[in-house]
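Each of the two complexes below includes chain A, the first together with chain B, the second together with chain C.
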Partner chain A sequence: MGVNLPPTLRRLLGIPVARVGLALMALVLATALLGPWLVGRDAWDLAGPPLLWPGQDGRFPLGTDSLGRDLAAGLAGGAAVSLAIGIVSALIAALLGTLIGAVGGYYGGAVEHLFGRVTDLFQTVPPFILAVVTVAALPPSLTSVVVAIGAVSWPATARLVRTRFLVLRESEFVLAGRMIGMGDIRLITTQILPSVLPPIIVLTPLTVGTAIQTEAALGFLGLSPPDLLTWGKMIGEGREQLLDAWYICGLPGLAIMTTVLAFNLLGESLNRLMAAGAREGR
Partner chain B sequence: MVRFPIGDDTEGLTRRGLLRGAAGLAATGLVGAGLVGAGPAGATATQADRGGTLMVTVPAEPPHLCSAFDSNMGPCLIGSKVLEGLIAFAPDLSPIPVLARSWDISDDGLTYTFALRENVLWHDGHPFTADDVVFSFREAWSVLHPFGRTAYANVVAAEAIGPHQVVFRLSAPAPYLMSYMNVFGAQVLPRHVYEGTDIRRNPANWAPVGTGPFRFVEWRHGSHVRLERNAAYWRAGLPYLDSIVFRFIPDPLARALALRSGQLHMAVSSAIAYPNLRLFDDPDRYTIDGGDGTFLFSQFLLHFNMRQPVLADRRVRLAMQAAIDRDRLLALAFAGHGKAADGPLPSTLAKFHVPATGGGYDPALSERLLDEAGLPRRVDGVRLRVALDFIDTVNIHIPEFLRQQLRQVGIRLDLRVGDLASYLRRIYTDETYDMALNTAHALPDPSLGLQRLYWSKSIVRGVPWSNGARYANPDLDRIMETAARDGDTARRWADIRQWQEIARRDLPILNLIEQQWVTVADNRVLRPSRQADGLFASYADVSLAAQATPA
Partner chain C sequence: MTGAAAIALTRQGLYRLGYNLLTRILPIVAGVACFNLLIMHVMTGDAADVLAGNAGGATAQELARLRHEFGLDQPFAQRFLGYLWAVLHGDLGLSQTQGVPVAGLILARLPTTFLLMGVSLTFSLLLGVGLGVLGARHPGGWTDGLVSGLILTLYAMPSFWFGLMAIVLFSVKLGWLPSGGLDSLEQVPEGWAWAADRLKHLLLPGLTLANFHIAVYARLTRGILLDIEREDFVRTLRAKGASAGRILLFHMLPNAALPILTMVGLQMAALFGGSVVVESVFGLPGLGRLILDALLSRDMTLLTGILLVSSVMVTVINLLLDLLFFLIDPRVRSGAGMSPDRLGQEGE
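Now for the complex of A and B:
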């Protein structure tokens, strides 16, 4: 390999599944960044004749919906929205989950009990229902959707982090750190967290995938903000035409599938990488 | 030919007006069966077509089945098969006798006498009498019904002057009164079931006892309502059907699929979404009919909050009218069913309607008006930012269409969707809105359906479907009040013409679409007689062609 890639990335590219995932992700990213510029048309515009099939009219390569809106513009605009919501809410979930898991796991006792029960509470309520309620309660905006999805996605991370902390807090290097007078915060952040990070990194792309799906489902139900065109909303609004113009739902459906698949493949590959690393004793 | 049992029992009332009623009936030719329409829907049931279960779907599960105190369509779509009104309406809106077998209106328009049908039994065996009608008027229609207070404003007394005769005495003529005496506006309740109870909470609202062709059997919430044949129905030999099942299917596409697959025979009240109507474009198998809701004269409209300073400027409202292409809205969001509206009265209300001379789609005019109103485009191209409220059952394509159209002229529309309760609270109680979408029934007479939308006295905080625009014009008030109590037809019609002129000039309400309530029926369903209030027809003479019961 002529190019001098960082070793981790080179190892990642050695996994075939990862290559597929990264290629799909590049496709989605390109759509999000270049798509709107290439299409050059507002996705909401009543731009042409209604219900054009893909390929029927050169001006609308992917067709139009029942109001005559350009589906290509919708798909391009929706890519950025889906990625933004997915990534930001997954980061919120990762932060929140790590914080709650780390504090609960490190301190144990009453704190762990309290945080554990809160986590249980969130896990017993179906996350999607919780997201629906949260979005409905907040004023409709992009932030509300991100907050709602982030707020229901953290428990898995919290559980993972807490379990690792419960084990590690009794380990020799932590005890040694405590002996030399390290404080709690320093112990958590500089000693324990670095060794908990790999599983969090594996989990986060998977959370992104789930978050994108949750966002799509909210959009499908008409719960995303009315000014925001998302793939889920395109499916929801095109649903009535499912029998005679399936492409209105089918194209954004395909887009969601591709994006979620990309993140899942990446998460899966990272997992393999970490597992291989662990076997090699790294 | 005349199967309707009317000609044989007219004893008691022999006055001129009575004959007028009966003659009108014969003229409509609707008394018998099979006179209106052609093809399968016009066919008459034969002996072989008796029996069977008609499977019908409606847009939504209603909260209850009683219309005597509720002006929403939902309860009446089902309740009208169980309970009845005094009259119904032929396609030309002339009255057809139902529980009233004839009627007489005095020459001064101040006394309405109804001769009621004898030998009619409630489903629990009690005889139906004039007391039931008087009770329904006094305790429900005139006090609990949202529009009854207007419709019956001039009625000072209702009395039984015999076991089967009722008199309504009026303080002033009410030329529109007969237009509301059907099962939707004046549903007759059984006094023995409702007397001494809180009518709105009476259990019979969920398990009605009526005089109609079908008895209530069961209501499985979330699933269906089942009605069965009333063997003791007063129209001898009817109904033809053994039972009717109203299925509740929340998803519009699922309703369309159920009708296509034969699990349903019929979908009423636009239960099939407009874009899906194309799936039933096969006259050999299905009948698509927009005539069943004629009586409602419904208009899809946008009303402005006249208390918002910027919208109080007439030029801004006219600019919105000029910015919206109603023909395109009709084609895109209503699949062409209905008509682009041109004013407060639907054009189908032909005897009152005056065609508009302007007010069409003209974006350039719109921009000019906005400039004149002192709303220039800012750097971002936006002149004005306003919110549009609508209920979550409104097809989202409609507000999205309006948003794009107004954007062209520099008006930014924020869409605010809400459930019915929060929508009503925001519009009629909190008054924290700019513009709102709504469907209003004009009904066959503007005094009944439209006055409440324009009358300053119906600006009542907290009362749904009142004057939501908060529009007040003393001149129009006076014209409407005169029209509501004028017995002179020519003078009244002149008033109503002027009413339209003022409403078009002031434009507190922007009428968008004359809405149609579409019925889609499998051709195996035989519906020999048609009514203007066909949504609320009793289905006594509806039948299924032999072997039509779905698997």
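Now for the complex of A and C:
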């Protein structure tokens, strides 16, 4: 798969699913970047009367929560937080997974056995419970949440990378590289990694989607960073008013769903693009 | 199969289970134990601090005595071996806030969590396989499109949110189902009425926990069915004039059972984690609620104990699934994979 963007983007736009995904992604990005400015109100401000339903008051198009905070401001502010946590922790997971998978797969033998066991361990421990325990043990902060989610999200990438490395390390171009005296690190990074990169790129949007959901569930249980208003936290706090004002929980949930769907569709379309590329190449 | 052969097979299967228990549970226990000690180590303040804090402060001497009592002043390796030894004897330590053995607290909550997981797994498999079959009937048709859309939606939907919205719709607006708890508050009926009442309480939580997994099994089943359809044995059956329903039910789905059950094992960790959130939504007295309580009181012995027990449970369930494969599927017994010609033989 070529990395030069314009042709890739053009081919991506040829897939209907990708068009929906990119449109949703644009919506989420616009909300994160322009939303706070458009709403023009701080998410924490007790700005109006409490428990206004969406559409009830023109000044608060999406209503207010039990403290009179503007839900539109909360949703817009939450978008940036969700995206940041999701993307950064997925990148950590991709890096960690690539490193563990590459080293295990390249060296094989005892190293591969050990790293494989560690990966197995992380796939056996319920990831969400592990994330909860990690966040609880670390001081409450944005970094703790990102680290916890990153630490539970890498095994899928590690497995993928390891399998590819196990195959590629026996291939002719790697043997040739070894013959002319390339070192291990050079072989791994300049020879094998480039051909493993496309599947990693396909997997990463899906990891972002899962990470955003994990963050939302942590927030729902009250484990969000204390100084940030996240979508999960909004749902957790809105639970108290579920019977009278379900929209307080309903709207952030729709936001989470839209964002996760955008990333999943992107991953799915990249996957199709790669499959189509493989067919053409054959 | 004769009786003697069945007994021999069962004995063989049990040996296999015993061997796997030793070789697969031990590393898991050691790994999680290591992680647990590490977590306790990096944590701001240890068990002695928490106890002292609960007691309203303590002198430096008192703290040192407590640390010595808990063995916190020993070197890491010694503490690790001590913890491992205790864990292998079923001792997970005392709860920092309640002062009772953690193992007992956890065991008391496991049945509820298992019940929820069981109900949820049943929903996931029934609805997931059903949707997968529907999607595979006319690939690319409108039913397939609908199924694909539903799968994408279920993948993206936060389960706890689905649970809350289901409470609003089915409990509050329609009044059909209870919104939480395990039993009705009024006098508990007995026998079948009790079971029906229990099931009614588990319907929404089960479905909430299932929604992600429905998507997983639907996608998997659809893929497998589309693959199997190209096999020779299916073509032969069609040529012989077997009905589509008969081919699906007696020939294609049995062949899909092994990968689907393998997926059940792979999803077990996610199912366990999901139940934490779902129990909190519906106020079910299971492991998830115990985790919430432990979080509020920052009871790390309890939290790490739960992490260990849930990991061991995931492994045990996987080993039982492995035993099941071994007993029901001759291909696993002979160590052979799922080669097409073998699939063909079984189809006849």
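Quick notes on this one:
What we mean here is this: the second predicted complex is superposed on the first by the 276 of 282 C-alpha atoms of A that agree within 3 Å, B and C clash if a C-alpha of one lies under 4 Å from a C-alpha of the other, contacts with A are read in each partner's own complex, and residues count from 1 in each chain.
Keep in mind that, in the parts below, a contact is a pair of C-beta atoms (placed from the backbone, for glycine too) under 8 Å apart; a residue touches a chain by one contact, two chains touch by 3 or more.
This is a predicted model, so every value here is computed, not measured.
When the two structures are aligned on the shared chain, A:139 is found in touch with chain C, with no touch to chain B. Counting the residues of chain A touched by each of chain B and chain C gives the higher count for C. Shared-chain residue A:227: touches chain B; no touch with chain C.
By the document's definition of touching, of the two partners only chain B reaches A:66; chain C does not.
Of the two partner chains, chain B and chain C are each touched by A:243. When the two structures are aligned on the shared chain, A:45 is found in touch with chain B, with no touch to chain C. With the contact threshold set out at the top, residues 222, 239, 242-243 of chain A are in contact with chain B in one structure and with chain C in the other. Residues 44-46, 50, 66-68, 222, 226-227, 237, 239-244 of chain A are the ones that touch chain B when the two sit in their complex.
Within the complex formed with chain A, the chain B residues making contact are 252-253, 256-257, 273, 275-276, 278-279, 328, 332-333, 392, 396-397, 399-401, 403-405, 414-417. Residue ranges on chain A touching chain C, taken from their complex, read 117-118, 120-121, 123-130, 132-134, 136-139, 209, 213, 216-217, 220-223, 232, 235, 239, 242-243, 246, 249-250, 252-253, 256-258, 260-261, 264-265, 268. Within the complex, the chain C residues that touch chain A are 27-28, 31-32, 35, 39-40, 42-44, 152-153, 155-161, 164-165, 167-168, 172, 266, 269-270, 272-274, 276-277, 280, 291-292, 295, 298, 300, 303-304, 306-307, 310-311, 314-315, 318.
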